[in-house]
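There are two complexes below, and they share chain A, which is joined by chain B in the first and by chain C in the second.
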Partner chain A sequence: MNDRQATGSPVTDPPPADLLTVSDLHVDYAGRPAVRGVSLSLRRGEILGLVGESGSGKSTLCSAITGVLPAGARVRAAGLRFDGRELTELPPEDMRRIRASRIGVVPQRPMTSLSPSTPVLRQMRWYHDGHDLADLLAQVGLRAVLDRPRDHPHRFSGGQLQRLLIVLAALARQPDLLIADEPTTTLDATVQAQVLRLLLDLRDRLGPAILYVTHDLAVVAQICDRVGVMYAGRLVESGPVSQIFTAPRHPYTRALLAALPARTERGRRLGAMPGHTVAEVTLSRERGARAGSAGCAFAPRCPVVLARCHEEEPTPITMGTDVVRCHRAGETPEAEEDA
Partner chain B sequence: MTTVLAVISLVFVLLRLSPGSPLYTLLGFSYSEEGRAAVAERLGLNASIPEQYVRYLRQLAGGDLGASVFSGQPVGELLAQRLPVSLELGLVAGAVWMALGILAGALAALRHGSPFDGLVRVTSVVALSVPSFWLGLVCVLVFGVYITGVLPVSGYVPISEGLPEHLRGLVLPAFVLGLPAFAVVARTFRGSVLEVLDRDYVSFATSMGMSRRTLLARVAMRNAAIPLVTVMGLMLGMLVSGAILVENVFGVPGLGQLMVDSFRRQDYPVAAGCCLAVAVLYLLTNLLVDLAQLAIDPRIREGVLNGGRVR
Partner chain C sequence: MTPVLELDHVTRRFPAGRRQTVHAVEDVSFRIDPGETLAIVGESGCGKSTVARLAVGLLPPTRGAVRIGGVPAGTRMDRETRRQVQFVSQNPWSALNPRKTIGHSVGQPLAVHGLCRSAAERAERVAELLEQVGLPAHYAARRPGGVSGGELQRVTVARALAARPRAIVLDEPTASLDVGVKATVVNLLLDLRSALGLAYVLITHELDIARHLATRVAVMYLGRIVEQGPADEVFSAPRHPYTRMLLAAVPVPDPARRNLVALSGEVPSAVHPPPGCAFHPRCPYVEDACREAVPRLIAVGDRHSACLRDGEIPADAAGGA
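Let's look at the complex of A and B:
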């Protein structure tokens, strides 16, 4: 696949070619922006974690990559390249074929992601009719599904369904890119660990790029190579996990990390982030003057806000391996702490 | 069974409580006290109401529906004549209109927001708000006065006199009778298809690269049909009651006409027999709906298997 890219697009400059490159992606739902100017890239074998609160645009970003967006959504991007092909210019049938073979999506809510009125096994055969289904099911410890050909989704637990969906989206088709949109949010803790192990094992054996969306920073620390932090539709900071967890530069990232229980000393209160979530802020902003799109979206909640932050939106600054959208990113963290 | 008993009792009591008596209609101008007593004696109407009730029930239990007070014709025989006419009208109207409703609803949902969608929505609201007796009269006016000779506006041609003529006679009554069913089915199905298209399992199937056509056939329509079955059952019931008005407007000799006539003349056994027939029809439709749901929705099926369903 890599040689095809070398011959197909001679202008690609970085030698270890990225499998997925998103540049300046915008998504609107009926005129309301959900993703604004996100750029990111992903290499084979790499796991990129995407974190951010509800409504920050994580899921929309994922849907925009696969092209499965609800009616009324509008996508604009300077580029959405997947393995050398520009996805935004592909005819729908080609895009469908890419979804059918090269990009896998593990959904957020396993319990409702299979049709309730058709037996699970029959649905699995819609997508994968190979002889190796028994082997694949054995890999996730669910060979018994073969003995339950008449059982509908409601007879299975969330964890079982999620493992079955992983079989379909990842193991059976061995995609180049796997998008996991909060795959463990609705599962209990032990099942979560099971699913994570499954994903890591998959990465080690087959080497797909994985985009892992989550609220859970602990999971990010555990499995991801790099992490992107989203706030109000923007990627406010991205970089290697080690970098972001030890020296976060964006005040939002810092606040997120401060709210982690493990990082808080015993006896001290957990850090809570001041202000309101994006959804609340956008709502109140829409009710009031519609002007407020200038300036940094995090400014109303930012502990180190400057007058400039309300007027001028920060542009992404590259600092070593880290990319940050903050006017004060250049200052040393210590200096900001004192301010 | 309880329902049927309740219907019988209710009809019985209401008929007896309503003013007048078949005796007056029967005797007419030759009314006299002696005549009345004689006829009442013959028809068993001089017994007390509870007595009459018990006697009627006993008769029913033996499978006898009684006979018309006027013609002496057995009620069972009358029903056997009239019921097939109504059933045919109702089933034709229901089948054609509901099929159209499903088609229109599905297309409207798939072309959500298009002019066709708007047309379906407006048509359903209009079709639901127009009373069927008025629409029936308009049809009679249009096809009886302005455009004559195309469709018969009244009368009924038995099937023995030729299928084409027979069907031609059914067109207008079936049109008027089935229109509300079309409206309700189209609206319901449009709504449930739209809802289903928004579900997680549809996005998952799409993200797995399932083609739109396969997705609609395997996933969307199948799940959207579950609420539809209930509504279609209700509509079949509605077709039975709608038949009462429509049959009278178009002069179709079905159960509806028999019912109205018998009530007007207070022909107790016939009126009760008609109501009994309608009640049984309703119950059968309900049973059919339940069975259809059982076949289509696994969750209900399991409820039954585990004995979780309360009758």
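Let's look at the complex of A and C:
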């Protein structure tokens, strides 16, 4: 709570529009870049989706924001501002306090995020000892947990545990920022729907900003306000969901959307991304990973590649509500579609 | 016409200690004709993977019969029968021996079924098979470690094709793959189906993949098929309340159509399935009779639904996915 007062109460001093601003963030693992020059911002009450395939740097980006990167990782950023404070300049002690009280994290695998040898209810009480735990649980339809004080995590379903962890992360501490890293990837459709509903309800009631990491574009379409698309450590396109889903500007975003069965007539071949072999992907990723290398990382797989794309890395261009990293972003999509 | 594969009232139970029993698969029947794709969909624990293992003879049924080309399947199955239905598992990393070359793995069914006369002929056939699944022939010399997940899944499909099957049982073939790679595997399955006239049994929880590939679909809940029918009809106008709930839960990749509904409950335990209709504790249309009698799968035309109130429940827009 001290942090909140230190940064000024919202009543006298309205908070800046952006809760989180990441500027030109780089993360290297032992010299190998995992995140390269990512800039993004997040407002209170906003849900930003972060999509990309495995290895694109989504989770590393989240870890950099929460400061839980493994030893050996090196972070450079022009700025990493959270609620008006520069996180990179904070002493570890303050960073810990912010993480504990203002940033909540919902993990991907609920089962491995709890101690297997302690009853779930007791673990809930470690973090939230107030008598209103019953209230919190009732709010998310999990009152029944109170009747199972001796049950360990393995006695609960994945969906129940994930909702309990969301309760821990979001309700008990009421953080300003909630980072959810693939929270529904291991869940079934009907349970996923419950968890997503819960996140939306929490956002509406308590107003935290949510950074939602996923590879599932359908989930992004359903819950996010804005979306950032990552490829080989780069944020290649970001903008409002309506924009990205109706008029994507980056060839990689277009390829991702074309690969979705739901956007293709039944039984027709899907838009397959070119260059899916390990050699092609590695070449493409390596290019993304080589510090100071020339050219666009997506160029080896890009269907609309130009000679220039192999030589010169595109810089982010703002186009309306979108930010795109592509030399051909300014061209009309129609001209590129037949390629 | 003799179906390629037929499950006839198949039940499979497993002991679960303390004299308890898991009712993994209860009274499941279906048949696949050549060239057909039957998707078996449902959530984890519904028994769909057990159906896959029963269908390829990896598990004997507790009751009922599995027939391949009209011949009862099982451990005494002759090679010729066994050859006709092949299996592709969810996880290509564990499906291939990491110490053997890809060529060895793909060539194994050729050796087992005696489909090639010489080593040279086998090598040639392996190269052909790899090409058929879109991999260069020189991949035969590689080991699984040096190959991407999508390519490995192609290798397991090539191995399944080696036996010249009439049907392939695919257990979650795309679940572990990235979006772009998933699309290439779906395309491969489409291409092979039209080139070879293969039948597929597609076991999946990914309803968009099922909708895309299937000609027919069977929806499982707690070990039983609750609805079965032509895929386009089931997906556009689901009859069973569970199918409606399941389809309503699938997010649509279109921000202009936000369809997230509030759903209640979870799949109950298969050790203690609820009495009567297993879905009754979650069903919005439940009535007293549902708590007592297990509804039978009733045919209306070529649609089957196991619901006591089938026909009484108004068609709604729930399944518009």
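Everything that follows uses one rule, which is that the second predicted complex is superposed on the first by the 303 of 339 C-alpha atoms of A that agree within 3 Å, B and C clash if a C-alpha of one lies under 4 Å from a C-alpha of the other, contacts with A are read in each partner's own complex, and residues count from 1 in each chain.
As a convention for this text, a contact is a pair of C-beta atoms (placed from the backbone, for glycine too) under 8 Å apart; a residue touches a chain by one contact, two chains touch by 3 or more.
Just so it is clear, the structure is predicted and the values come from calculations on it, not from any experiment.
J.: In the superposed model built on chain A, check whether chain B and chain C fit or clash.
T.: Taken together on chain A, chain C would fit alongside chain B, as the superposition shows.
J.: Taking the superposition on A as described, I'd like to know which of chain B and chain C A:Leu168 touches: first, second, both or neither.
T.: After superposing on A, A:Leu168 lies in contact with chain B but is clear of chain C.
J.: By the touch definition at the top of the document, which applies to A:Ala209: first (chain B), second (chain C), both, or neither?
T.: neither
J.: In this superposed model, does chain C or chain B come into contact with more residues of chain A?
T.: Result: the larger residue contact count on chain A belongs to C.
J.: Pick one for A:Pro116: touches chain B only (first), chain C only (second), both, or neither.
T.: In the superposed model, A:Pro116 contacts chain B only, not chain C.
J.: Which holds for A:Val191: it touches chain B only (first), chain C only (second), both, or neither?
T.: second
J.: Which partner does A:Gln222 contact after superposing on A: first (chain B), second (chain C), both, neither?
T.: second
J.: In the superposed arrangement, does A:Val22 touch chain B (first), chain C (second), both or neither?
T.: neither
J.: Based on the superposed arrangement, let me know which partner A:Leu257 touches: chain B (first), chain C (second), both, or neither?
T.: Touch partner of A:Leu257: chain C, not chain B.
J.: Between chain B and chain C, whom does A:Leu177 touch in the aligned arrangement: first, second, both, or neither?
T.: After superposition on chain A, A:Leu177 lies in contact with neither partner.
J.: Just how close are chain B and chain C at their nearest CA atoms in the overlay, in Å?
T.: In the combined three-chain model, chain B comes within 6 Å of chain C at the C-alpha level.
J.: Residues on chain A in contact with chain B in one complex and with chain C in the other?
T.: none
J.: Mind listing the chain A positions that touch chain B in their complex?
T.: 63, 66, 68, 70-71, 96-101, 103, 105, 107-109, 112-119, 126-127, 152, 154-155, 165, 168-169
J.: Chain A touches which residues of chain C in the complex?
T.: So the residues of chain C touching chain A come out as 43-44, 146-148, 150-151, 178-184, 186-187, 190-191, 205, 207-209, 211-213, 231-232, 245-246, 248-256, 258-264, 266-267, 321.
J.: Taking the touch rule as given, give the residues of chain B at its contact with chain A in the complex, in rising order.
T.: The contact residues of chain B facing chain A are 112, 198-201, 203-211, 214, 218-219, 222-223, 226, 296-299, 302.
J.: Flag every residue of chain A that touches chain C in the complex, lowest number first.
T.: It is residues 53-54, 141, 157, 159-160, 188-194, 196-197, 200, 215-224, 241-242, 245-246, 255-264, 266-273, 276-278, 281 of chain A that touch chain C.
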